[in-house]
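Look for subunit A in each of the two complexes below; its partner is subunit B in the first and subunit C in the second.
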Partner chain A sequence: MGAEHGHQLHVHGDSPLHRMAAHHKVLLVVGFVLLIVATPAGTFWPYAVHATLLIGAVALSRVPPAYLARRMVVEVPFVVFALWLPFVATGPRMEVAGLSLSEAGLVAAGGLLAKGTLGVLTALLLAATTDVRDLLEGLRRLRMPAALVEIMGFMVRYLDVVGGELRRMRVALLSRGFDPRSPRHWPVLARALGALFVRSYERGERVHLAMVSRGYRPQASRR
Partner chain B sequence: MGVPVLEVTSLAYAYPDGNQALFGVDLHVHRGERVALLGPNGAGKSTLVLHLNGILGAAARSGTAAGTVSVSGMPVEPTNLAEIRRRVGIVFQDPDDQLFMPTVRDDVAFGPGNLGLTPAEVEARVHEALEAVGMSEYAGRPPHHLSFGQRRRVAVATVLAMRPEILVLDEPSSNLDPASRRELAEILTALDVTILMVTHDLPYAMQLCERSVVLSGGVIVADGPTRELLSNAPLMATHRLELPFGFDPTRV
Partner chain C sequence: MHVPDGFISAPWSLATGVVAAGAVALALRGARRELDDRTAPLAGLVATFVFAGQMVNFPVAAGTSGHLLGGALAAVLVGPWTATLCLTVVLLVQALLFADGGLTALGTNVILMGVIGVWVGYAVFRLTARAMTAAATRHRPLVPLAAGVGAFVSVPAAAAGFALLFAVGGTAPIALSTLLSAMVGVHLAIGVGEAVITALVVGSVLAVRPDLVHGARGLLPTRTLVSHAEAVS
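Right after this comes the complex of A and B.
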């Protein structure tokens, strides 16, 4: 069984950033990300300002930078796309190390990389300094519809359970000679994922049953 | 004996797909009793349990139902489902189905919260219920960090917090190690509440319940002292009930 404690993005700590109210943090993050996205590509200095602010916040949070760096892997698909842009974009071209690259593409790629990296880092910092429970409570305080907050709560709660089921299915498959790398076995993988979906769906029904048995009425407003 | 806590009369039920699960069940449980509901797989035990709080049956307007269920004199009807669900506390088999809140405290508070109690009353109920299952010190922990046995105990607390008149347990001893199984037995015997326990664990039924009923093929086929039923070899064999190797009910 998995023994990971807490949700995996959260780093325990007691910095001013950890102590800040969750709903303030959410507002700050959303505002900052909007600011980053609205910054035009092609100028350098605004990004330097954003980055300096963000690095200051990371230092303040005392979250290990190496930890954040490892989590940045999530950005890789965007990086690949950004690297692809200078080759495929149209417009005037320039020679860089013997390669013919589009100028517009280079600018767009630079902007995309800068915006993506800053945005992901901001979100990671929020996740690292905020416990999920506080985050949900913060969203509730920001008047996010109760149903959405509840759904997010369920997701957090059952991620581990469904993850555990997936791990057990994988072990059971491997024990019977399943090779995930062989394309011959990919249909099995698809069927296993299908089975996982059905199981999760059925669990959802059982959870609902258990809730109704304790007097839950979805239409009644809670709190 | 007064009004029974649980009174099931000629209860029959067929699922919407036409599959009939219950063929006229009669069952009375009186205050303070601990009754084991035994029966092979597919006997209709779960179907019966879901009728007790109106999840299935006439009150839920699902399938075809006949007969009545009442809890302390109150019939299970669509108009009083909220009160029925307070009176009948069902502990489901998989605690992961029952515990879905971020902390143990929130989970135990869920039922009382649905009853419309004040926050202070809810807090008192949570405290009382966790105390009863010996899990008070875990109130602030997320349920998925607890051991399986601890989660089962919290699941019992989530239902106790509603102060039910009858506690219905579905396979309470399944997947527990022997120590957790014994601890749960100690907790259940210490509770001052009427219990109906669905189980395949016959020694557990004998340890906890003086009386047992056997449900087989959608009807109650036997009802009597647990020791007598378990010692009745022909009855046991007919209804696919088997004692664990080496267990002799006459010598416990």
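Right after this comes the complex of A and C.
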């Protein structure tokens, strides 16, 4: 557990996108995603423009496309939601392959899928090209409350530590015959989570004491 | 449960963002009351715990699996203000570093999980705990049970919040009743899992470090520290 923790999605590399200042990148990404969201569904060419821009950015960043494609699975639950829409949306209906579907629902579902996918890809690209510390510094520059940035910094710093603890607990449980799919083992799972909470909290207390002993002063009295 | 980009229209995304920012500002002040100067490290570590807890999947009916939302759990363990703060930071990290939940939907997600999930869960927990303490004399098992009830209600409440938000600011024409019944129906099943896990986790923490469970303060019999050592001057 060394000091240097890159986060899991970060792809180390050197490209104009990697070098760009984090606060500019965050602003650009949020603006771009807002633009995508504001694009009316039922049109085609604006989405083609967004997609082309995004693909250009991916090419520029030299992040492997296959890597990004694999990470797209986070949107699966909402793909299900989008596919469900045409069946239940209101408005005039049409027949597609023997199914009665709502026209407006189909358009909306297409829009949701396009916007969701472009949004996820944009966020993935930001994560892949931005180091955590740069991101935190960028958020601070964007006037996010200092306390929030600090909490986020602690969370990111200990993500791998607590994640590793959870992983070791899981290995220990599995090697003792734990079956994660069985509700009968929920008490075991819950005890593990309870232990994880106590350990995390106590680690927080230790970190705080270590900080205080090194001269840390809390937010309120600073500045 | 993480709403991606494009589900809520741009104006409503901005509006939810503003509301969420206000809620977070309040939570920052409230959390300082709950944790004083330990806010940053402790809230950070609790956020990490919530994040790890959300990675634990449990099976729901018909082969699908849900994961813990953790709003009610965090509220009972560390208090509702800190819980809102922790959930916000978790959502922020998930949106920025894991592309889970849209960036423009961040406000929506904070309202649904960090505000509705936490505060509905906590309110139901308090009410249930109060009703139970009035009715029973043995207090210890009540806290996990009340936490479970809070968690059970919090999940469909957040789902109903999404349905209402989608009805006013959504991007698809769909009858509110259809959406509401479907969302709440699915999330009732997830709520059962959330309730059981939450109750068991709170129970296990109570067994080890009862002093850490914020929601149990004033509900458990107080134990005084007995020292037989001579005081050192």
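Keep this in mind: the second predicted complex is superposed on the first by the 213 of 223 C-alpha atoms of A that agree within 3 Å, B and C clash if a C-alpha of one lies under 4 Å from a C-alpha of the other, contacts with A are read in each partner's own complex, and residues count from 1 in each chain.
Definition applied: a contact is a pair of C-beta atoms (placed from the backbone, for glycine too) under 8 Å apart; a residue touches a chain by one contact, two chains touch by 3 or more.
Predicted model, so just to flag it, every value in this text is computed and none were measured.
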| item | value |
| --- | --- |
| First (subunit B), second (subunit C), both or neither touched by A:A59 | neither |
| Partner chain(s) touched by A:L27 [first = subunit B, second = subunit C, both, neither] | neither |
| Subunit B versus subunit C as contact partner of A:A109, first or second or both or neither | second |
| Partner chain in contact with A:L174 - subunit B first, subunit C second, else both or neither | neither |
| Partner chain in contact with A:S200 - subunit B first, subunit C second, else both or neither | second |
| Touching partner for A:V49 - first (subunit B), second (subunit C), both, neither | neither |
| Which superposed partner A:M211 touches (first subunit B, second subunit C, both, neither) | both |
| Which partner, subunit B or subunit C, touches more subunit A residues | C |
| Partner chain in contact with A:Y158 - subunit B first, subunit C second, else both or neither | both |
| Contacts of A:R133 with subunit B and subunit C, given as first, second, both or neither | first |
| Shared subunit A surface residues [contacts with subunit B and with subunit C] | 132, 153-154, 156-158, 161, 203, 207, 211, 217, 220 |
| Subunit A partner contacts - residues on subunit C that touch it in the complex | 1-10, 13-14, 24-25, 28, 32, 36-49, 51-53, 55-59, 77-78, 85-86, 88-90, 92-93, 95-100, 102-104, 171-175, 178-179, 182, 196-197, 199-205, 207-209, 212 |
| Residues on subunit A engaged by subunit B in the complex (per definition of touch) | 5-6, 132-133, 136, 153-154, 156-158, 160-161, 203, 206-207, 209-217, 220, 222-223 |
| Interfacial residue positions of subunit B with respect to subunit A in the complex | 50, 53, 55, 82, 85-86, 88-90, 92, 94, 96-98, 100-103, 110-111, 113-115, 142-145, 158-159, 162 |
| Residue numbers on subunit A that touch subunit C, as the complex places them | 7-9, 26, 29-30, 33-34, 36-38, 41, 71, 74-75, 77-78, 84-85, 88-91, 102, 104-105, 108-109, 111-112, 114-116, 118-124, 126-127, 132, 135, 145, 147-148, 150-159, 161-163, 165-166, 180-183, 186-187, 189-191, 193-198, 200-201, 203-205, 207-208, 211, 217-220 |
